[in-house]
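I'd like to ask some things about the structure below.
Order of writing sets the labels: A, B, C and D. Residues in every chain begin at 1.
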Amino acid sequence: MKRFRIAGDVSALPTYAFGNRNIHWWGTLMFMTIEGMTIAVCAAAYLYVRKNFEAWPPPPTPLPDLVIPTIAAVLMVLSIAMMTRVHVATRKMDLRGVQRWLVIMVIVGIVLVALRWFEFKALNTRWDSNAYGSTAWATVAFHSTLLLFEVVETAVFAALMLFGPREKKHFTDVEDDAVYWYFMAAIWVPLYVLVYVSPHFA
Amino acid sequence: MRQSSRLWPSFRRTVIALTALLGACIVPGNESAFNPAGPQAGRISTLWWFMLAAATAVWVVVMVFLAWAVRRSRQRDQALREPAGDASMQRGVVVGGALTVLILTAFLIADIATGRALGALPRKNALRVEVIGHQWWWEVNYIDPTPGRIVTTANEIHIPVGEPVQIIGSSPDVIHSFWIPNLHGKKDLVPGHTTSTWLRADKPGVYRGQCAEFCGAQHSKMTALVIAEPRPQFDAWYNAQLASARPPSNPVTARGQDVFLKSSCVVCHTISGTLAAGTLGPTLSHVGSRLTLASGSLPNTPGNLAAWIVDPQRIKPGTRMPSSNMNQADLQALVTYLESLK
Amino acid sequence: MTVARGVAPLLPLEVETVRPDPVAPQVWEEVELTDADQELRKELLDTWGDNPGLWGWLRSTSHLSIAKRYIITAFLFFGLGGLEAGLIRLQLSQPENSFIGPDRYNQIFTMHGTTMMFLFAVPVMVALALYLVPMMVGARDVAFPRLNAYGYWVYLIGGLFVYVQFLLNTAPDAGWFSYVPLAGPEFSPGKRVDTWAQLITFTEIAALVAATEIIVTVFKHRAPGMSLNRIPLYVWAMVVTSFMIIFAMPSVATGSQFLAADRLIDTHFFNHAEGGDSLLWQHLFWFFGHPEVYIIFVPGLGIISAIVPAFTRRPVFGYPVMVLALVTTGFMSFGLWVHHMFTTPIPQLGQSFFTAASTMIAIPTGVQIFCWIATIWAGRTRFATPMLFVIGFFVVFIIGGVTGVMVASVAFDQQAHDTYFVVAHLHYVLLGGAVFPLLAGVYYWFPKFTGRMLSERLGKWNFWLLIIGVNVAFFPMHILGLEGMTRRIYTYLPETGWGPLNAVSSAGAVIIVVGMVVFAINFFWSLRRGKTAGENPWGGETLEWATSSPPESYVFMYLPVVKSRAPLWSEGSERVVVGGLRSDVRDTLTTTLMDAEPDHRQSSPAPSIWPLMAAVATGVMFISAVFTPWGLVVGSVLLFFALFFWGWPDKADQAKRLAGESEATA
Amino acid sequence: MKRAGVRAVVAAGVAGALVLSSCERENRGYGEEPAGNPADAASLTPLQPGPTIRVTAGRGPYDENAYKVNEGKFLYSAMNCVGCHANGGGGMGPALMDENWIYGSDPRQIFSSIAQGRPNGMPAWGTRLSNDQIWRLVGYVRSMSGQLRKDVAPTRSDDMFYGPSEQRAKELTPKNATGATER
C-alpha cells in the first residue's frame, strides 16, 4: 500500500517575512498595477480628447493655477522620503519609530487631502464645462480616491500600532502600506505635470 | 501593379472553380456580397473566395491529421515514450507551425494587395453624394457647385452605371453604418466625424443595403437602396428631381394638398413649390417616384402610403412620425396628391 | 536587513528530480492513512471546516465552498443567457415575426450578450481556477481567502442587480458593448444603460480580485519543489489569463465610469459638441474587449492541456513551447483591439498594423493545437466524454479560428463587420474555444467536485447534440452575414431571402437547448446516483487528484513535495510530503517564487462575515450611484466600516495563534 | 406579531412603489395615445364665480415616463421652442425654468397654453402637433423647473452645454401670475 514519507519539517520556519517574500506585498503590487492602469486610461483619455481642440484649454477656460498644485506636488515627493522612515522602522521592528512616523504620515496625509480640495479649484474649470474639464477632473478625481484610500489605510495602521492588538506580522503589513504610499505619491508627479503644467506649454 | 494583375485573373479562375461546389448552395441574390456588381465588392469577393478556399483546406488538413492521430493512437497498447517518437512529433509540430505562418502570411499579402487594389480604383470627377444617417432613415443630398442644382432625396440613391460615386457620410444623432453589400464594404457614420467611401456599379440594378451599426429601436428597418441606371436615365431622373413638386392638376389632388398644408405634416416635411418646408423628416417633393416608403419598410403603393400615414407606429414602432386622425375622404385625397408627386 | 530572515535554515529536502516524462501508472493506488494521520485529520477538519448552518455558510472563506458557489451561479447565468438566445432565435425564425416587439428584443439581445460575456464566460473560468489552481499547485487554500469571498459576493450582487432591473423593464438595450452616443445621455433615456455601466463595475471588481488571488497563489503558495518548469499547463494558462485581466479590465471599468458620469453629472467624455469623441469609448472598450475574449479562451486551452495527458496516458508534448505560446497569446491580445473598429473613420495607416497583429495571433494557438494532436498521436487514447469534447473543440474552434483570420483583413472586414458572419465567427470561437473545453472540464473534474462520475451515456448524447446543434445553428449565419443580414435586427422583410437560413439556424438553436437539457439531467442525476469515484478516476497526473473526492476542507493533510511535471505519475510506492504545519490554526506554507523552496508559514485568516458586508456596501455604493451621485459618498463610508472590521485583527484568534508559536518563530 | 405584520406591509408597499415607478419610467409605450380628453383643460385663472372649488393638482400622463419626457426634449429643439424660450432661461418668450407661471402650472393648463397658443406670440400648436407630442412637451417643460422626479428628468444632450441638465435642476414651487403659490 502507498504510504506518506515525510521528507521535511517546516514547523521551524518563521511566521512572517518582509518584502516580496510575503503574499501581501504581491497583493499590493497587483492592486498598484490595477490602479496604475486606471490612471493610465484617464491620462490616455485626457491626451486623446486634446486633439479635438485647437487651443488647450479651450478659450473661455483659464489656464490651471500652478501655486497650490506645485506645493502639493513637492509635499507629495517629500512624503515619499518621510514614508521611508516608516519603512526603515518596520524593518528594524522598532515599534516606537513606527508609531511616531505613522502618526506624522497621517497628518501629512490630511494636509495633502486638504490641498487636494484646493487643487480641484486650481483647475479653474467645472467637470461639466467641456471635455477638457471632464478629463482633467477625472484624472485628478481617480488619483484622489487613491490618496484618500491610502491616508485612511495609514490612519488605520497607526491606530493598530498604537492601540490595537499588535503582533510582529503587522510590521510587514505596515511595510506594504508604505510601498503603496510610494506608488500613490510617485504616480502623482506625472499626473501633476500632465494636468497642471502641460496646458501652460500647449 | 502591372505584373501581379496578369497573375490575378488566372488565380481568381482557379479559386472560383475550386469552391464552385460550396458556392452552389449559396444563392447569389440581391443584397449579397457573393454577387458583386462593382469593382470594390468584386475585389473583396475575390479575396473572400481565396480565403474561403485556404481556410477550408486548413480545416480539412487539420481534421485529417487529427483523425490519423486518433486512429494511430487507438492501435497503440502503450503510450509512446522513446526519444524517436518525440523527434517525429517535433518534426510534425515544426512543419505545422511553418505551414501556419506561411498561410497566414499569404492571407496578409492577399489582404494588403486587395487593400491597395481598392485604393487604386479611379476616383476622378466622381459624383459626390452626401448621405446623412438619421434615426431610422437616410437623408441623401447630391452635392453640386451651383446651389440651384443640389437634389435632396431620402433612402434611395440613384447613380449612373460605370461612373465612380463618392459617398460622404455623417450622422447628427447616433452611429449608423452605410453598407451596400453588392457594391462595397460598410462605412460607419460617426457623429462628429465625416467619412467617405467610393463606389461604382458596373451593372444596372437596384442594390439594397441595411444600416449595419445598432442605432436604436428601428435599426432593422433602416434600409437604403442604390439604383444604378445608365447615364441618360440618371440625368432624366436628376432633372425631374430638380424640378419643384408638380402642382395639383385635379380637384382631388388640390384637396389633398390643402389637407397636407393644414395638418401636422408641414412641421416635419418639405414639398418644394409649396409652403411646407420642414426638414425633420424626409422631403416629399418627389415621393411618388420612390420605390419604397419608410426607408425600405413598405413598397410604395397608395394602400401602404395610407396605412403608413394613419398609424406609422404599427409599421415602425418607435418612429418619430405621429399618428394622425383624419377622416377617410381627406386621407384618400392626401394619398392621391402625394402619389401624384412623381 | 537580515534580521527578519527565518531562524531555521532552509530544509534539506532529500528529493532528486525524476526522469522528466514519467510513465502513467496502469492502476491508481490511494495512500493508506496511519492512526496518527487519522488523529491529525480530525484536528484539521475541526480547524479548516466551515461553521454549520446559514451563518456559517455566509461567513465561509474556504476556497472550495466559495468556488463551488461561483461555478453554480455562473452556470445559472449560462442558463438564463441560453433562454435569451432561445427567445432571439424564436423571433428571428421567420420574417416579420411579431413574437417580440423591438424594445423588448433590444433588451433581450443586450442581456444575452452581457450575461454570456460578463456573467458567465469570465466568471466560470475564473471560478473553476479558484477551485483547481490551489489544489494543482499543492496549496491548502487560495492566497487571500476573505478577498475571494468578497469577489464572489460582489459578482452575485452585480448579477442579481441586472436581472432585477431586467424584470423591472430596465435592462440595458444598447448592445453588450453599448456604443455611445446611442448609449449616451441623449439617446438612452431612463436608467437602462446606467444599469449596464454599474454591472461592468461589479463584474470587473470580481474578476480583478480573483485574478490577484490566482497570481499570488501560484507565485507564493506552490508546493515545495514545484519550480517554474514544473507548474502544470492549466495553471500557466490561468496565470496568463489573470495577468490579462489585471491589465485589460481597468480600461472598461474606467470607461464605464466615464459613461455613467456622462449620463449622470453631465461630463463630456463622449459629447463631440463639447470636444469629447465617441471613438474614445470604442478604444477604451475594445482595448479591454479583445483581451476579454482571450481571457475567456486561454483558460479553455489550459483545460485541454490538463485533460489530454490523462486520456493519452502521457504528458503533453512540448511543454516549453506550450507555455511560450500561452504567454505570447497573452501579450499579443493587447495589440489588436482596433480590428473591431476597421469601419470607423480612423486613419487607414494604423489598420494594416492591426491586420498583421490579428493574423499573427493565430500562430501560438496553432502551435498548441499541433502539440495536442502530436500528443494524441503518441499516446494510447481512451475516448471518454471529456476527450470527446476535446475533439469537439478541434472541430468547432478551428472553423472559428480561420474565420477570425479572415475578418482580420481590413478589406474583407468591411463586408463582414457587424453582420451575422461575425456573429457566426464569435459563436464558433466562444462555443468551440470556451464552452466545449468547459464542458470537457466539467465531465473531467465532476468526480473531484462531488465524488461521483457523470454518466458516459448521457455524456455522449450531450456531446453529439451539442456539436450538431452548434454547426446547424451557426454555420448558416456565415452565409446570412455575407447576404446582408446585419447584427441586432429584431425582424427582417420576406423579400430579403433570409427566411430559410434563419429557420435552419433556429432549428439548430433548439438542438443546442436539448443538448444542454441533457447536460442538466446528467448533472443532477449523477449528483445522487452517479458511479462513486475514487481519488483519481481518470488517472490524472496533477496534484488535484492527490486529494479525496470531494476534497476535505483542509485539502492536503501534508503538503506534497513535487519532483516532476507529472507528480502523481512519478510517486512510485510512496508520496513524499512535508510535515510540521500546525493543525490547531489554519496554517499554510509560503514558498519562494523561482524554485518553490519553503520560506515561511502563513496563517490563513479565519472565516468572517465582513467580506459579505463589504460586498453589500460596495453594492449599495454603486447601485445608489445609478440614481444619485451622492450614493457614492454614502456607500464609501459604509465600505470603510466594512473594510475596517474585515482587517482589524481578532484578539482571541491572535492570542491562540501566538500562543502556539515559540518565541523564535513568532 | 402585529408590528412585524405592519412592517412587512410597509416594506412590500415600498418595494411595490419602486417596481411600479421604474416600470412606468422605462415604458416606451410605442403607439399608445394618452387616455382622457385634454379638452377639459383646467381654467386659466383661479378666479371663478360662486364658491371656490379646490382645483386638484392634475398629473400629466408622461410625468413618470423618462422616454416620453426625453422625446419632449427632442421636440423642444425640433419645434424651435428654443427660438423664444431659449433653453428655459427665456428670451422673447417667458422663462420656463423659474417658478413664475403666467397661465398656470397645472399640466392641463400647460397643455392648453401649448395647444391654444397665448398672447404676445405663443403660436397654437394644437393643429400642428398630435396630443401625444404636446403631452411630451408638457412633461419636458415641467422637468425644466424640477417638477419631475430626478430619475425621470432628461440629462444633458449631445449639443453645446448651456447649464446643468434638467435632472440636476432645483425643484421650485410654482407661483401663478399673482405671486401666490399654486398648490
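Please note the rule applied: contacts are C-beta pairs under 8 Å (C-beta built on N, C-alpha and C of every residue); 3 or more make two chains touch, one makes a residue touch a chain.
None of the values given here were measured: they were computed from a predicted structure.
J.: State the pair with the higher C-beta contact count; candidates are A-D and B-D.
T.: Higher contact count goes to B-D.
J.: Provide the C-alpha centroid distance between subunit A and subunit D, rounded to the nearest whole angstrom.
T.: Chain centroid spacing, subunit A to subunit D, equals 47 Å.
J.: At what distance in angstrom does the C-alpha mean of subunit D lie from that of subunit B?
T.: Computed from C-alpha means, the inter-chain centre distance equals 42 Å.
J.: Please work out the Cα centroid separation of subunit A and subunit C, and write it as a whole number of Å.
T.: That gives a centre separation of 30 Å.
J.: Taking each chain's centre as the mean of its CA atoms, how far is subunit B from subunit C in angstrom?
T.: Those two chain centres are 39 Å apart.
J.: Pull out every residue in subunit B that's touching 2 or more other chains.
T.: In subunit B, residues 173, 191, 217, 317-318 touch at least two other chains, as defined above.
J.: Counting only residues that touch at least two other chains, what does the list for subunit D look like?
T.: Within subunit D, residues 28, 30, 156, 158, 161, 164 contact more than one other chain.
J.: Could you tell me which residues belong to subunit C and also touch two or more other chains?
T.: 101-103, 181, 186-187, 262, 265-266, 268, 271-274, 277
J.: Each pair of chains that touch: what are they?
T.: Here the touching pairs of chains are A-C, A-D, B-C, B-D, C-D.
J.: Quick one: which bits of subunit C touch subunit B in the complex? Just the residue numbers, please.
T.: 21, 23-24, 101-103, 106, 174-175, 179, 181-182, 186-187, 272-273, 277-279, 312-314, 317-318, 321, 343-345, 348, 352, 355-356, 359-360, 362-363, 366-367, 369-371, 373-381, 383, 391, 394-395, 398-399, 402-403, 405-406, 408-419, 479, 482-493, 496-497
J.: In the complex, go through subunit B and note every residue touching subunit D.
T.: 173, 191, 217, 262-264, 266-268, 280, 311, 313-314, 317-318, 320, 322-324
J.: Contact residues on subunit D for subunit C in the complex?
T.: Counting only subunit D, the residues touching subunit C are 19, 22-23, 25-28, 30, 66-67, 69-70, 150-151, 154-161, 164-165, 167-168.
J.: Across the complex, what residues on subunit A touch subunit C?
T.: Its residues touching subunit C are 1-18, 20-23, 26-27, 30-31, 33-35, 37-38, 40-42, 45, 48-49, 52-53, 58, 91-93, 127-135, 137-138, 142, 152, 156, 160, 164-165, 167-168, 170, 172.
J.: For a test of understanding, state which residues of subunit A touch subunit D in their complex under the given definition.
T.: Contacts found on subunit A: 128-130.
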